[in-house]
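Here chain A shows up in two complexes: once beside chain B, once beside chain C.
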Partner chain A sequence: MTIAIAGGALDAAGTGGRRWLAEWQLALPLGLAFTGFFLAPLLILAVVSAFDDEQITRIGFAQWIKFLGDPFYWKVIFDTLKLGLLTVGATVLVGYPLALVYLGARPALQRILLFIVVLPLLTSVVVRTFAWIVILGREGVINGVVMALGLAPAPLRLLQTEFGLVLALTQIEMPLMLLPLLSVMSRIDPNLMSASAALGALRWRTLFRVILPLSVPGLMGGCLLVFASSTTAFISQSVIGGARLVYLPLLIWQQSLVVYNWPLASVAALTLLISVTACIAAISLIGRKIARHVDG
Partner chain B sequence: MITGDRLAASTAAGSRARGNTVDLEGIVHRYGGLKAVDDVSLNIEAGEIAALLGPSGCGKTTLLRVIAGFVRQSAGRVLVDGRSIDDLPANRRNVGIVFQNYALFPHMTVAENVAYGLAARGIGRAARAPLVDRFLDVVQLKALKDRLPKQISGGQQQRVALARALAVEPSVLLLDEPFSALDKGLRLDMQIEIKRLQRQFGLTAILVTHDQEEAMSVADRIAVMHKGRVEQYDTPSAVYDRPATPFVNSFIGTTNLLPGRVIGREGGSALIELDAGAVLAVPVEASIAHGMRVQVSARPEHLELHATAAPDRLPVQVGLVVPLGPTAVLDLRMRDGAGIKLSDRRTDSLPAVGAALHCGFRADARPSVFPLATN
Partner chain C sequence: MGRRMSVADISYVLAIGGLATVALTILVGPVVIVLLTSFGDSQSLKFPPPGLTTKWYEALFDASQSRQIHRAAGNTLWVAGCATAGAILFGTLAALGLARSRSRLARIADTAFMSPLVLPGLAFGLAALMYFTFLGLRPSLELIMLGHAVVIVPFVLRTASASLSQLDPALLESSASLGASWLYTLRRVTLPIIAPGIVAGGFLAFIASMDNVPVSLFLAGPRSDMLPIRLWGMMESTLDVRVAAVSGIMVASVLGLMLIMERLVGLTRRMRD
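Our next item is the complex of A and B:
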C-alpha cells in the first residue's frame, strides 16, 4: 500500500502535465459541442452583423447605425427589458409569499404545492400558451366572470396587451423563480426563527431581518432565470402579445425569416444578448448590494 | 439565597439582582397520539439552575419549547413569578434561549447579533451601542464585535449566543444542550462561564441536557426525565446517592445491579441475600417486603476489596485493572461469572489480575434497593 502511494506520488510529480490533460479530456465532448454549436454560430452572428447589405457583400456598420439610430428599435429594446423586469417583479411578488406558505406547510401540502408550481414545466409550451388564450380572450374565462358579475360594461382587452402577457409569463416562469428560492429557503435553520421570536421580534421583523436577507441568494437566482427566460420567450410573446407588441425575439424572427435581412437580424440578436446580459449583471450587482445593506 | 457577594456582582453589572420563580403545573404535550410530555410539575426557585436530564426522546426539549412558547402545551400551566405566561406568544415571554447550534444570525456581525433583541424591543440605535458593548464585555468578546459568526470559534459563538440572550434581560434563561457541540476541554470552561454569568445576573435558568456529568456540574437541581415524565427532581447529590427509581439509578452514574432476595425485614432495613453469595443488611423503603426479589444497586466507588472472607462479602476474582488518572477501575468476576465494576483511588498496590479476593460495601456506602420486576 505504502509503495503504491509512493509510486503514485512519483507518477504525479513526473507527469503532472499529462495528468492535467487527461482530466480535461472528460470535458472534451461538451467543450467541442459548445464550440461547434454555440461559440461558432455566435462568431458567425457577429461577422454577419458587420455587413452593410442584405446580400452580405459589403463590410460596414450601416446596419448597426440604422438599428441604433432608429427610435422604433430603441423602443423594442426598452419594451423587451421592461417586459423582463415586470415579469421578474410579478413572480417575486407572487412567488415569495408562496415560498413562505410552502415552508410553513405540512409535507403533504408541500408536495401538492410543488406539483402545482412545477406544472408549467411539465406542459407543452403550445398547450400552456393556448390555455392562456382561452383564459384571457374576449370570450375567455376572465371576461366571462367579469361580464357575469357586471363588473365592466364591455369585455376587457387582455390578449395582445402587456398586462395579459405579464400575467401569463408570471405563471409560466414561476417554477424558475420558486425552485431556486425554495432550495435556499428550506436550508435556513428553523432555530433562527425561534431565536428571533424569543428575542422579542414580531413576525415582520423576523421576515425582513432574518428570512429575507438569508433568502437573497435564491431570490437573485430566481430573478436572473425569470428575466433571461421571459425576455426571450418568443412563443408566449408572439402568441399572447400578438403582432401589436414587438419584442426583440419577434424582431429577429421577422428580419431573418420574413424580410431576409440577416445583418439586421444579427444586430438585433446581439443587442438582445448584450442588453439582457447587462441587465442580469445589474440585477445581481443590486442583489449583492441589497444583501449587504440588509445585513449591515 | 441572595448572598452579599452575588448582590454586589450583579449590581456591578447594573442588572437586576433577583431571578424569577418558574413553576410548571401538570404540563402535558401530545404529538398526534403520542404523549411527549406527560403531566410534568416542577417548581424552580428564583436564581436557581434546574437541569432537565434524560435520554433523547424523553420530552425534555419539548418541555423547553413549551416554556419558550414555541409550542403550545396540550394541558397544564407555565407560571413565571407566579403569573401564567401561557397566553403570551414567544416574542412577549421575555425568555433568553441558547440553542445547541447557537442559532446566531449568520448574516449579522457579533455586535448586530447582540443588538437584535434590543432593536426588537424598540431601543434606538444610539442607546443600543453601549448596551451591546457592555454585554460583549461580559463575555469578553468586545474585540470580535465586527466579525461574522462563521469567522469565530465554536466557544466564541456560544459566548455571543449567551450575550445575545442576556442582553434582553430575560426573566428566565433557557439552555438547550448548549455544551454538546464543544470540545471536551472547552466544555468545562463554558460550564463555569455560564454558571458565573447566571450568578452575576441572578437569573433563573433551565438547562436541557442528556449528559449527566454536565447536569451534575452545572445544575442546582436535576429533573431526571424518562418517557415524558419526571422520575426524580432533587439536588445532584440526592439524585446520585438516593435515586428514586431504577431508571434514575442506571441513568445517573454507573452502577452494578446485583439481584437477590429479602430474607429478613426489621424496622427501616432489610436483610438481603444476594444471588452471588453474600448477605447484606441495608436500609430500604417501606415497599420492600419480606421474600421479595430485589436488585441492589452498588456504585463502583461504594465497593472495596478485602483479603479475607466475611458473610457480607462477595468472593470475586480480579479480571481487569484499568487505571484512569487519579482512579483505577477494576473489573471483577463473581462466582457465577457475571462482572461487577469497582473504582478506587489508584495506588501502587493495586491487586494483580487473577487474584482471588472478597468484595464488600464500604462502611459509608448506601446501596439503593429496588423491587425486581418478575416476568
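Our next item is the complex of A and C:
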C-alpha cells in the first residue's frame, strides 16, 4: 500500500517509471556509512591537531607552530612530494612507451600485455617490496650483475637510498599509470595514426602531434594515481628507504604509534592530506588546460 | 608499408622499444625473483641462490613454527571476505542510485565515494584509530572490517557504474511497460546484466582488503593481527625467508584467481576500461 503511494508520488514528481522509492535514495546507506566512518574520522583529525598537549586537554596551535617552524619537518614534506614527483616521472618515462607498444600490438598480444600490467597490481605491496629487497640488497640481483661484470670494486649501496626507493616504486606504482593510459589509448581511432603516416609524417611527429595530445586525459589520470599512491606508500618507504630516509607516512606512524603524540601525528597527517590534495588538484588543472588547448 | 624506414623512424623504434622492454622487465622481473627466492636455500637472500629447497614452505606450513602467521592469514581472509560483502552491498546500491542521476549532488557524492582511492590512506588510518578510541571502542577485527569496507567501496562502485552506463535504457523501459515492477526489473533485468561488473569489482575490492596496510596498521592489535602487518614486521626485524614462501603462495593464488576471473568476467579488460 505504502509502496504504491510512494510510487505514485514519484510519478507525479516526474521521475518516470514505477518505482517504490526514488532512485537516489539507494545511495543513502553508503552515504551514511561514508559520513560516519570516513568524513567523521577525518574531521576528528582536524580537531585533534588543534590541541597543544599529548593528553589532548589544552586547545591551541602549539603543534602546528612546532611543525611548521621546524626546518626538519619542511624537509620531510619536501622530500615526500619530491618522491611522488620522481616516481611519476619514472613511471611516465618507461610506462608511456609500453602503452605505445600496446597501442600498436595485435589483440592477442594486447591481452597478454594487459595481463602482465595487472598481475603486479594484484600482488601484495608487501610482496613487491620484499622482491625489491632481494633485488637491491648487498648480495642482490643488481649487485650480482655489477660484481660479475667488474663494474664496481665493492657492492653498490642501493637499499636505503632515494634512487633505490624510486626504482622500486616505479614497479610498484607502474600499473596505476598504465591502466588509465591504456584505457584512453584503446579508444584512439587507429585511422588517425594511419592517416598521419600516409601523409608522410614521421613516427616521432605522429607521436607528439597525434597520439600524445589525445592521450593527455589518461596520462593525467595515471600521474594522479601514482603520485597519490607513492607519497603514502608506508611499507615500501620504511623497508626500502630505511630509517635514514624520513617521509611523512613514517613520521605519522612514529608520532602516533611509537611516541603517542596524537596532535603532532594529526598535524603531519593533515599536512600529507592537504599537500597531496593540492598537488592532485594542480595536476588535474594542468591536464584540463592541455586538453582544452588540444580541443581548441 | 612499402616505405623504407628512415633514420628517424629507426630511432623511434629503438627508443620506444627499448624503454618498453625496460618497463616489462621491471614489471615482471620482481615477481619471478620472489618465486625463485622462495625456493632458494640462502639465509641471506643471496641471488641467485646457491641451491634449491622447499624448507621455507615446510617451515611455513608447520603449525607450531608459524602459528602466528596462520592466525594473521586467517584474520586477513575473514576481514577481506566480510568487508567485500559489505562493499558489494553498499556499493551496488549506491551505483544504482547514482547511475542515472545528472544532479550536481549526485556528482559530488560520487566523487566523495571514490576519494579513498586518492586520499592518503595513512591519514585515514590514523583518523579511524583516534575516532574509534574516542568512541570508547578497542581495536578489533570488526573495526578493521569497517575501515576496509569504506576504502574498498570505490572498486565496486566503479565497475558497477561502468556496467550500468552500458545498460540499454530501452530494456528497462520495455520491462516497465510490460508491467514489471521496479524490483522485478532490478532482479530479472538489471542485476543479471551488471553482475559480471559487480563480480570483477568485488574481486578487486577483496584483493585491496587483503593487501591493505594503512588502515590495518592503525587498527590491528595483538588479538587482531593482519598478514601484511606481520610480514612487514618480519621484513623489518630479521630478514625471515618465510616471507618469500608466503609471497610465493600469494603470487600463485593471485595468478590462479586472475585466470579464473579473466574467464568468468573478463577482469583485465574491465580494469582497463
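One rule holds in what follows: the second predicted complex is superposed on the first by the 268 of 296 C-alpha atoms of A that agree within 3 Å, B and C clash if a C-alpha of one lies under 4 Å from a C-alpha of the other, contacts with A are read in each partner's own complex, and residues count from 1 in each chain.
Operating definition for what follows: contacts are C-beta pairs under 8 Å (C-beta built on N, C-alpha and C of every residue); 3 or more make two chains touch, one makes a residue touch a chain.
Predicted model, so just to flag it, every value in this text is computed and none were measured.
J.: As a test of reading the superposition: which chain, chain B or chain C, is in touch with more residues of chain A?
T.: The partner with more contacted residues on chain A is C.
J.: Between chain B (first) and chain C (second), which, if any, makes contact with A:L207: first, second, both or neither?
T.: second
J.: State whether A:L199 touches chain B only (first), chain C only (second), both chains, or neither.
T.: First partner only, chain B.
J.: Touch check for A:S186: first (chain B), second (chain C), both, or neither?
T.: The answer is second: A:S186 touches chain C but not chain B.
J.: For A:I252, select first, second, both or neither according to whether it touches chain B, chain C, the two together, or no partner.
T.: Touch status of A:I252: second partner only.
J.: What residues on chain A does chain C touch that chain B touches too?
T.: Overlap of chain B and chain C footprints on chain A: residues 202.
J.: Can you name the residues of chain A that touch chain B in the complex?
T.: Result: residues 189, 191-192, 194-202, 205, 209-210, 213-214, 291, 294-296 of chain A touch chain B.
J.: Spell out the part of chain A that touches chain C in their complex, as residue ranges.
T.: 7, 17-20, 23-31, 33-34, 37-42, 44-45, 48, 93-98, 100-101, 111, 114-135, 137, 139-141, 144, 167, 170-171, 174-175, 179, 182-183, 186, 202-204, 207, 224-225, 228, 231-232, 234-235, 238-239, 249, 252-253, 256-257, 262, 265-266, 269-270, 272-273, 276-277, 280
J.: Across the complex, what residues on chain B touch chain A?
T.: Going by the criterion above, the answer is residues 68-70, 89-97, 99, 101, 103, 105-108, 112, 116-117, 119-121, 164-165, 168, 174.
J.: Could you pull out which chain C residues touch chain A in their complex?
T.: Chain C residues touching chain A: 6, 8-9, 11-13, 15-20, 22-24, 26-31, 33-34, 37, 44-48, 89-91, 93-94, 96-98, 100-101, 103, 106, 109, 112-113, 116-124, 126-131, 134, 146-147, 149-150, 153, 157, 172-173, 176, 181-183, 204, 207, 210-211, 213-214, 217-218, 228, 231-232, 235-236, 239, 243-244, 246-247, 250-251, 254-255, 258, 262, 267-269, 271-273.
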